[in-house]
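First chain A sits with chain B, and in the next complex the same chain sits with chain C.
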Partner chain A sequence: MITVHLPPDLAHEFGAERILTVEAHDCAELLHSLNLRYPSMASWLATEDGRFRQHLSVFISGQRLTAREVLSTSIPDRSEVWILRAISGG
Partner chain B sequence: MITLYLLVGTAKRLFRYHSRDRHHWEALEPALLGDPVYTSAYSAEQGILYAGVNSEFYGPSVRRSRDFGLAWDTGGVGLAYAANDAEQVSRVWAIRPVDGRRVYAGVEASGLFRSDDAGDAWVEVEALPHASWEPGYGGKCLHTIAPDPFEPGRLYIACSSGGIYRSDDGGDHWEPINQGIRAEFMPEGEQYPESGQCVHKFVLSPSQKGRVWLQNHGGVYRSDDGGDTWSAIGGPLPSDFGFSIVVHPDDADRAYVTPLVRGPRWSPDNVLAVYRTADGGEHWDRLSQKLPEPTFCGVLRDAFTADGASPLGLYFGTTSGAVYHSADEGAHWDLVAQHLPRIYSVVVASES
Partner chain C sequence: MYPEDANQPRWTASMMARYQRQMVLPQVGIEGQQRLLASRVLIVGAGALGSAAATYLAAAGVGTLGLIDGDTVDISNLHRQILHDESHIGVLKTRSGAQRLRALNPDVHIEEHPEFLSADNIIRLFSDYDLIVNGSDNFPTRYLVNDASVLLHKPLVDAAILKFERQLAVFLPGLGCYRCLFPSPPPPGTVPDCAEAGILGAVAGVLGSMQAVEALKLLVGIVPSQQGNLLLYDALSSSWHRMSFERNPDCQICGDRPTITELIDYEDFCGSRGPSTTTQTGPMNLSEFAMDTDQAAGLLKDPTVAGVDVRSPEEFRQGHIPGTQQCSMENLDKWVGNNTTHRILVICASGVRSAYAAQYLRSCGYEAWTLVGGTNAWNNTGKPWVQLESRAPEF
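Take a look at the complex of A and B:
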């Protein structure tokens, strides 16, 4: 199980909880789990080429992923994942 | 009683106004906080207001409202190219509801999407040759979509800068119909290519078969044969550069443009104005009464529209964030709102 912190505005748009727990082993599985609960949410967070969107910052247990990180990046069990709007987005 | 809603898409949200008499406009609660709204469209048949929302954080989406813009969903699925496509869908530039639950969306990088369930699921219309097109200054955008009101299955699109294209089989095959439209940014002797023109906007006459009006990146044109041939009609205007063009729904000889000076892209002589022709483009009259001057702004391609009332109501928003309306076909103008962000789109929707 991992804990996901969604950006507040994204959670608001989808009527989602800001903090969720999901079963996932990598970022792709994480987005898949989110998409099952909130259809189309994955496309708000990542592009078709399998990377996070440019102006999102993603942290896994305090470690920031590089910009446009690939979704195959693994997530250790019991991680805290933060998805944030990056300062670069305007 | 009819209530009109005016939906104003800006760089930072969608602003909403309504009126019961086309003279007094009341501001309603704005929507879609913080995100650029490039285009919107209303389908009375579907009872849906669509908005093309281009979030810097979450990407593009076609979102829907069933209460004239107060509450919005998060859009459908499928508004993306294949994973191995060299290009990505980065912005929504056009939304065009048609019959039934069908709706089209034009996107950047230039492509056309179709939905047959009012935007729940989108599928790319793959027959368009978008890979060969070049981006204009605003991006490589497919910005205008129009079904032919007289020819079932005939569909037109335009792209900057790919030009205007027509399909006679609902989108399975396309042909460029740019013959006679000048590409002023090409070298002399090469300014009339088959495609690659920077068409800024076109609109089909709903009252005369085959009549198409077109505002080009330099040049205003009219076709009377569905785009097979074009006549340049912008000569009398103070500038033939501009983005928007609107037609009268009942009088096929009447059209309206908002010319801009090429460099700064503001109104000629700094006089904010709409220009109207009532004779198919031979003569143009400046309509600027009660509009401010000097101004240092312009009107973008989706920021000018008309209602279907008589006399015709006209509405436009400026790049400096002001919205003006006229309830008498441009003879007099009044301010609806000012100090908004840069305005991308203006749409009128009526509630019976």
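Take a look at the complex of A and C:
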């Protein structure tokens, strides 16, 4: 199981909890699991060519997934995955 | 004990008394204090973050503080922007802030820049400072500040706030930048600003103070981590998390082969000029499936087309387009399973949520469109609108 932290506004949009646990071994499975629970959530998070959207920063166990890494990137069991988008208030 | 240097500010007994309790820290000492007094820091935005950061930097004895902000003080600022008070309503924030900071510490030279940052003035303004503290409140300025800092090799202490959410990062030349973290801004309309979403003033103070801490560490020479760190603070759960990142070799401005070598049009980059630019970061080519309000009104007259409003039930109750049905995003699958129509116009408040929903429906085989500008645009045209009666709350 892995723990996923969603951006608060995305969670609100889909009526989801901000922190979820899902069964997944890589980013593609993570998106699939999220999409099963919240239809169309995956299209908010990733493009059809298999990459997270450019306005998101994804961290697995505190390390940022680089732009070159794709959805097949593995996620170790019990990892914490943070999906962040920029905010602008000051 | 206190070296005389023509390039350093002259020590006074008052200075020794004022800074004694931070000079006693071995990481600061006399040399660190001297560095602070000789430093020049520019604060971008004299708002909530800038107020807290500037206050602590001035108190710590940073020699020159620049304040840049073209705005004036409004009463709605006062619950979080602690540089200003009620006697300064209507006064330029740079003037109000400068008065407060001079009263706090007369050792500090305050430079007022009562203007909004732009690609035309930023290089001139940034060039005079050693370090930039970013407390701006919109995406175009955030990308502008980042790009100018990278181009001028200035360290940047960046922070942003929304509701109870906080992000803080220190970007050092060569070790990654804001674009390495967020190559593009969120699609317009998907992330509200503080005016829409709200903000607790004290929480902004926490992050502005953290910006001051990070700036002071850099200025006194505490060697920073050689890896970028993004600090996340969630005030609701009182939790801090640290994320690590590295320079992105593909970064548009600090990567191995940068494609941005000079300042660009940041309003355009951030899609702040209207719905046509949302295609940059949106889910699909909007022009193919996008309907303006007139086209949408025509489409809704067709009995084979269903209008589906994906806003929340609360938003829908407050007002909606006649003949449309509410269905939250998470219930779309259920809705299409219970309806025979294959032609759907999707509607939301600004056209962003509906664009994603329309794309999803199209991927499921439906003929779906999105209303550009959403119900906001619809209302601006004065077209029919259903507003359910609202009752006064009972206490």
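Assume the second predicted complex is superposed on the first by the 83 of 90 C-alpha atoms of A that agree within 3 Å, B and C clash if a C-alpha of one lies under 4 Å from a C-alpha of the other, contacts with A are read in each partner's own complex, and residues count from 1 in each chain.
Throughout what follows, contacts are C-beta pairs under 8 Å (C-beta built on N, C-alpha and C of every residue); 3 or more make two chains touch, one makes a residue touch a chain.
Bear in mind that the values here come from a model prediction, so they are computed numbers and not experimental data.
Engineer: Give one of first, second, both or neither to describe whether A:His55 is in contact with chain B, with chain C, with both, or with none.
Structural biologist: A:His55: touches chain B and chain C.
Engineer: A:Leu45 contacts which: chain B (first), chain C (second), both, neither?
Structural biologist: first
Engineer: Answer with first, second, both or neither: which of chain B and chain C does A:Val70 touch in the superposed model?
Structural biologist: In the superposition, A:Val70 touches no partner, neither chain B nor chain C.
Engineer: When both complexes are superposed, which of chain B and chain C contacts more residues belonging to chain A?
Structural biologist: Partner touching more chain A residues in the overlay: C.
Engineer: For A:Pro8, is the partner it touches chain B (first), chain C (second), both, or none of the two (neither)?
Structural biologist: Only chain C; A:Pro8 stays clear of chain B.
Engineer: Which chain A residues come up in both lists, the one for chain B and the one for chain C?
Structural biologist: 9, 13-14, 38-41, 43-44, 53, 55-56, 85-86, 89-90
Engineer: Looking at the complex, which residues from chain A come into contact with chain C?
Structural biologist: So the residues of chain A touching chain C come out as 8-9, 13-16, 38-41, 43-44, 53-57, 59, 62-64, 66-68, 82, 84-90.
Engineer: Within the complex, which stretch of chain A touches chain B?
Structural biologist: Those residues of chain A that touch chain B are 7, 9-10, 13-14, 38-41, 43-45, 47-50, 53, 55-56, 85-86, 89-90.
Engineer: For chain B, which residues are in contact with chain A within the complex?
Structural biologist: Interface residues on chain B, with respect to chain A: 33-34, 55-59, 61, 74-77, 79-83, 85, 88.
Engineer: Which bits of chain C are touching chain A when the two form their complex?
Structural biologist: By the definition above, chain C touches chain A via 45, 47-50, 134-139, 142, 159-163, 165, 167, 181-187, 190-194, 197, 199, 230, 232, 241-246, 248, 250, 281, 283, 328-330, 332-333, 353, 356-357, 359-360, 363.
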